[in-house]
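Just below sit the structures, each encoded as structure tokens.
The same chain A turns up in both complexes below, where it pairs with chain B and then with chain C.
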Partner chain A sequence: MNKYERNGKLLTCILSGKIDTLNTSVLENEINENMIEDITSVVIDMQEVDYISSSFLRIVIKIVKAVSKENFVIKNVNPSVMKVFKIANLTEIINIG
Partner chain B sequence: MKRIKNKRGLTFKLIIFIFLSVAIIFTLIFLDNYDISKKMVEKNLKLNAELITKNIVYKAEKILGSVQEIPNNFSKIIEDSSYSEAEINRILKMEVENNSEIYGACIAYEPFYFNSTKKYYAPYYYRNKKEIEFKCLGNEQYDYFIMDWYKIPKEINRPMWSEPYYDKGGGNVIMSTYSVPLYREKNGKKYFIGILTADVSLNLLREYFESIKVYKTGYAFMISKKGTYISHPIKELIINETIFSIADAQKSSEMRVIGRDMVKGESSFADTEYYNIKYNKLSRIAYAPVSLNGWSVGVVFPVDEFMKDVNNLFIRVMFLGLGGLFFICLVIIFISRSITSPLRKLSIAANKFAEGDFDFEIPPSSSNDEVGSLNKSFAHMQSALKKYIENLRLTTSAKEKIESELKIAREIQMGMIPRKFPAFPEKKEFDIYGFIEPAKEVGGDLYDFFFIDDVRLCFAIGDVSGKGTPAALFMAITTTIMRAENQIAGLNTSSVINLMNNYLCKNNEGNLFVTLFLGILNTSTGEVEYINAGHNYPFVIKCNGAVSELNTTHCIPLGISINTCSNPNTFKLEKGDTIFLYTDGVSEAFNIDDQQYSIKKISEILHNQANHTPFEIIQHIIDDVKDFSQGTEQSDDISVLAIKYLGKPLSKVPTQNYQMVIKNSIGNLSSLSEKITQLCNNWEMSSDVLNKVNLVVEELISNTIFYGYSDTFEHDIILNLMYDESTISIEIIDDAKEFNPITQKSADINSDINERQVGGLGIHLVKSLSDAFTYQREDSKNKIKIIIQF
Partner chain C sequence: MKDYIEEVMQNATMAAAEYSQFTQEQTDKIVKSVFEAAFDKRIMLAKMAHQETNIGIWEHKVLKNVVASQLVYEDIKNLKTVGIINEDNESGIVEIAQPMGPILAIIPVTNPTSTVIFKILISLKSRNPVIICPSKKAINCCSETAQICYEAALKEGAPEGCIQWLTSVTREQTQELMSHKSLALILATGGSSLVKSAYSSGTPTIGVGAGNVPVFIEKTADIPFSVEQIFFSKTFDNGTICASEQAVVVEQEIAEEVIEEFKKNKAYFLNDEEIILLNKVAIDETSHLMSPDIVGRPAFEIAQKAGINAPIDVAILIAPIKSVGNEYPLSSEVLAPILAFYVVDNFEKAINMCINLNYHGGIGHSASIFSNDDEKIKYFAMHMNAGRICVNTPSSHGAVGGMFNKLSPSLTLGCGTGGKNITTDNVSAKHLINIQRISRRRPNERFLRFDIALYLDENMKADEINKIYNRNF
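Up next, the complex of A and B:
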């Protein structure tokens, strides 16, 4: 289960499991719901995520466009997931660790 | 500068040194000689000058003396007898007439002596041209009693010469008057009665002085007691000037000093030099007094003239000296030429030799001196060198031939040893690597491995005693018979060893021997049977890192004596175990301090090599040995062989196919993913590969489901997964509209995040993850095939 923590203007998304095409739309809805208030910074914790597809990358790009890359962090990325970010050349642009 | 100096030849040096030395010696001699001759000349000159001067004085005195004698004689006559006036006049006249040098003669009496009525009585005969005339001197105007010529002799009671004077209007001659006092005895008492005079023309004296030649321009002169010139080549000076007035005019202090000494009546050859009046030449003067009247004679010697001889001598000697030096130069040039010209020729010859032209003819030398002997030595050297070079050439070519043969031999020897790795790419049960480095071109080390049947690998390492060609030949025999004996089916290692030993013993003319470790690995089970014939104990590296030695020897090295080996030992290699074999070239490698690498060091290195491949282990050992020996020449052949047992691979069907068919609903993706995960787990695939497969399948099929169909009907999408040893092939076949993902423009992944398009990323991921990607449109179907390697 994904968890969302709001702390003033900061939204932390703690994601888990596989993020594939099928559950991306659910995830997207969840994030949109949590970003309705005056959220200006987003942190995504991917400790529990072992698989992502390109649909998740689309979500990431959307969020970055919304809050700007300075206010966006992805953390705790495991190596196989990091590989996908790397292929998409997102590691160079956004703050991923 | 220095180069120019060095370039100067022997001739130049000889000339400089000899010429300089001779010139210095010559100059010293010359200067000394000049000094001596100058002194001699001066001494002679002084004697000569004194002689000349004395001679002139003597002559002058003679002239004056002869003149002075006449009035002296007359005075006696007049004193002794009483002559009449007429008689006295006759005597006077006679005196003038008979003596050409006497210009006039007079007797001047004391007042009233001759005639009591006459105060003045002085009859005077004198020459007027040729006639002799008479007059009586003395009157009120001419009061001769107070005249010097009268008064002074009267006072001093003896004859005297007056200062010379010029008789103007008279005879126009220079005269001097000689006055003789006259006395008469009366009553036994002498009393003065008058003066007898003789005016003397000094012409004779002057003519005599003019006739005197001293060198070329030298001359004689005479001065009176007061320094007045009586005779001088410059006539104007006579009477008119004194030596002192001239000295004043010339501002010549030397001349004044000389004049003073002359007036004093001294005689000398003055050391001082002065400029003579006549020619204004630097001169020296000799002088002496005329004792009769206190006049003085001077003789002028021009310095340049009396020094002429000395100077001539000087010039003569100088020319002779220069001529001599020039001659010495010529002689030096001739001698040095005769030395250097053959030397130059030798130098050319030496250069030719240096260029390798030993046929260059050395110019013959006829001389028997050192140069000639050098020439002969050189010729000898030429022939000796020629001979030597020829020998060297022959030796070198022979050596080259041997070397090239050795090189070929090395290639042949290396060809006998399997050195192509991986040696058995199709065998997954083990990994093997070997390394050999002979100390010389060829060596006596050997290693070998080959299959004797489908599963049994025979491997061996050996070391022939000695090194080089003999060892290499023995090694070749060993390798060959080892292979041959192993082909006999059913033999164990000890039988093979015994057969080999028999053969090697029988045919061992060189008394060589070989240590050998022979093993047979059963690649299915990992069991190893081995025989060690005196070889270093191999190491076994267990997969857990433990290192141990196979410390059993079964027999002495092969080729020594016919004996029988004990039964082989066996042990089992587990999966991941490695057996490491080496020759003593490794353990006995020396460093510059003469220390050995040692077996202990090998074992230390092997301790942490359990996870490495044979290649890595051997590389590590060889690098370490090279570091240790620090460039010290390799003393022994080095061989290493390592086999890692990997175990029998899991028996799996080489290729497996799996086909799935799903409907074009996005919801089916999750069951598809589960199925793929299950399959991959069955195939023991890593999660990395699994994620790759899942991602590729998901991206492609979701793409088809989302964008492939324009209708709402159900469609089948077929997924074929094919698995083999190293790859997974993914094939997706659908009847959606034509879509070629390869030609599809990929997402721009390099643009800024704000310009990023969200589409196209899926295809980009697929392309990046797959190792091969093909697309075909066939029977109105899209066929995508992707290969992923692992």
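Up next, the complex of A and C:
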């Protein structure tokens, strides 16, 4: 179950489980609903995520384009997911902690 | 144009990232699904390839599709390509398979749909996304094949973008893709200039070399059987397989019998004037390479084009010539039902002729012998520079593997360093994984107990060091 917390201009998305192709579209809708106009910074917490799809990676690229690299952080990434970001060549355009 | 290539590469890179998380079981389901889909469309795709390229024979292209789907699948289905693939306690070495990343698959006009199926299967089996780059003359049939495979892969949960295909291919696009920093590997099957440009791109490449396959009918061979097998091979898809026989070499002693047997099988032996006529249509005078116009065309049509009065049911045109080199154009590779024919005095001269043929544009590819003398077979093999030496088999089918021998079925035949390739293997899924080795501590006792100060003593020579190194061992 994903959670979304809005704190002023900051949106924190706490994701969990397996983000595969099937549930990525649901996730995309959820994020879009929470990305209301005054949101300028986004944090994605991936503590509970152990698999990500290529379509999720595309969402991530969209978010970074929308809020810029400086205002976007992905945190609590486990090694399996970190490796996926590396293979996707995204660690240079996204702050991953 | 730049954006299009970037988009293709981004899709491939994302697919690679997702695919890297797949288990062996998930991967194998995808590969099975793709095999079944491609196999089920084998006839439609073969007809489409024939219609679009006007090369070969559609029924034979069906068989090529079968090899590329059924036989390749049988060969790779149990191969471990994910995670730990080998564990040896004694050596302390554990091997882990990792995918390579996006693969660019260059597809030749001669075997379009089969090569697409083959390269997709071996790429997906090794969890690599693949970008199909078809020959300009085979874009529709290659795209259709790729689409069928892609839908089947998605059905089993494969990552989006794991198969892509280029529908408008320009030289610049190909170059740009080849040298893209995110591309992991090029599987380059095609002409020598294309393979060379792949090698020059800076991206690791598994390429192929050109063939010029000699077939030696040694005097202990079963002559009717040998000729029948050569016919089967050389007429297959009108001679478009690069491992098909190019020149027959026979000893004088059995020449007449071999010639009679060829004639029985509807071969037409050309006279000297007809050879000159055929030279002109078969080989380009300047480049000394085969003319694309006759590739995969039937023998009668080629004869007509050359102005040769051959019978309408002629299966193969045979040119008896004396030597090898550019002054004898038909001693070069021609992917059409044309054979050069050499009669020589004895075994040694036959081997020398085969060496000359092998080194005339076909180094590292394949060679063929019909014989029942094991020593002579081995002698022949030792003197060829060929990745595959086919024995008592049709070389087209023999070199491709899986039908007449136990070679891995493949539509990418490595030609070793002689053919400017890194391997002589029949390329398959096992070549598309990076293998990591966990190496556990297994001390080399001799090295560790050795007084390494002795290495610093200039007076210590190799034999003395060896004695001490191996003492009591």
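Following the convention adopted for this analysis, the second predicted complex is superposed on the first by the 96 of 97 C-alpha atoms of A that agree within 3 Å, B and C clash if a C-alpha of one lies under 4 Å from a C-alpha of the other, contacts with A are read in each partner's own complex, and residues count from 1 in each chain.
Criterion: contacts are C-beta pairs under 8 Å (C-beta built on N, C-alpha and C of every residue); 3 or more make two chains touch, one makes a residue touch a chain.
What you see is a predicted model, and the numbers here were worked out from it, not measured in a lab.
Residue contacts after overlaying the shared chain place A:80 against chain B and chain C alike. When both complexes are overlaid on chain A, the residue A:58 reaches chain B and chain C alike. Of the two partners chain B and chain C, it is B that touches the larger number of chain A residues.
By the touch criterion stated above, A:6 is placed in contact with neither chain B nor chain C. Legend: residue contacts after superposition of the two complexes on their common chain; A:69 is shown touching chain B, with no touch to chain C. When both complexes are overlaid on chain A, the residue A:94 reaches chain B alone and has no touch with chain C. Applying the stated contact rule after C-alpha superposition, one finds that A:21 touches each of chain B and chain C. In the superposition on chain A, chain A positions 20-21, 51, 53-55, 57-58, 80, 84, 87-89 are in contact with chain B in one complex as well as with chain C in the other.
Those residues of chain A lying in contact with chain B across their complex are 18, 20-22, 50-51, 53-55, 57-58, 61-62, 64-65, 69, 80, 84, 87-90, 93-94. On the side of chain A, the complex with chain C involves touching residues 20-21, 51-55, 57-58, 80, 83-85, 87-89.
Remark: chain B residues 666-667, 669-670, 673, 687-688, 691, 694-695, 698-699, 702, 747, 749-750, 752-754, 756, 758, 761-762, 764-765, 768-769 touch chain A in the complex.
Remark: chain C residues 11, 13-18, 20-21, 101, 157, 159-161, 182 touch chain A in the complex.
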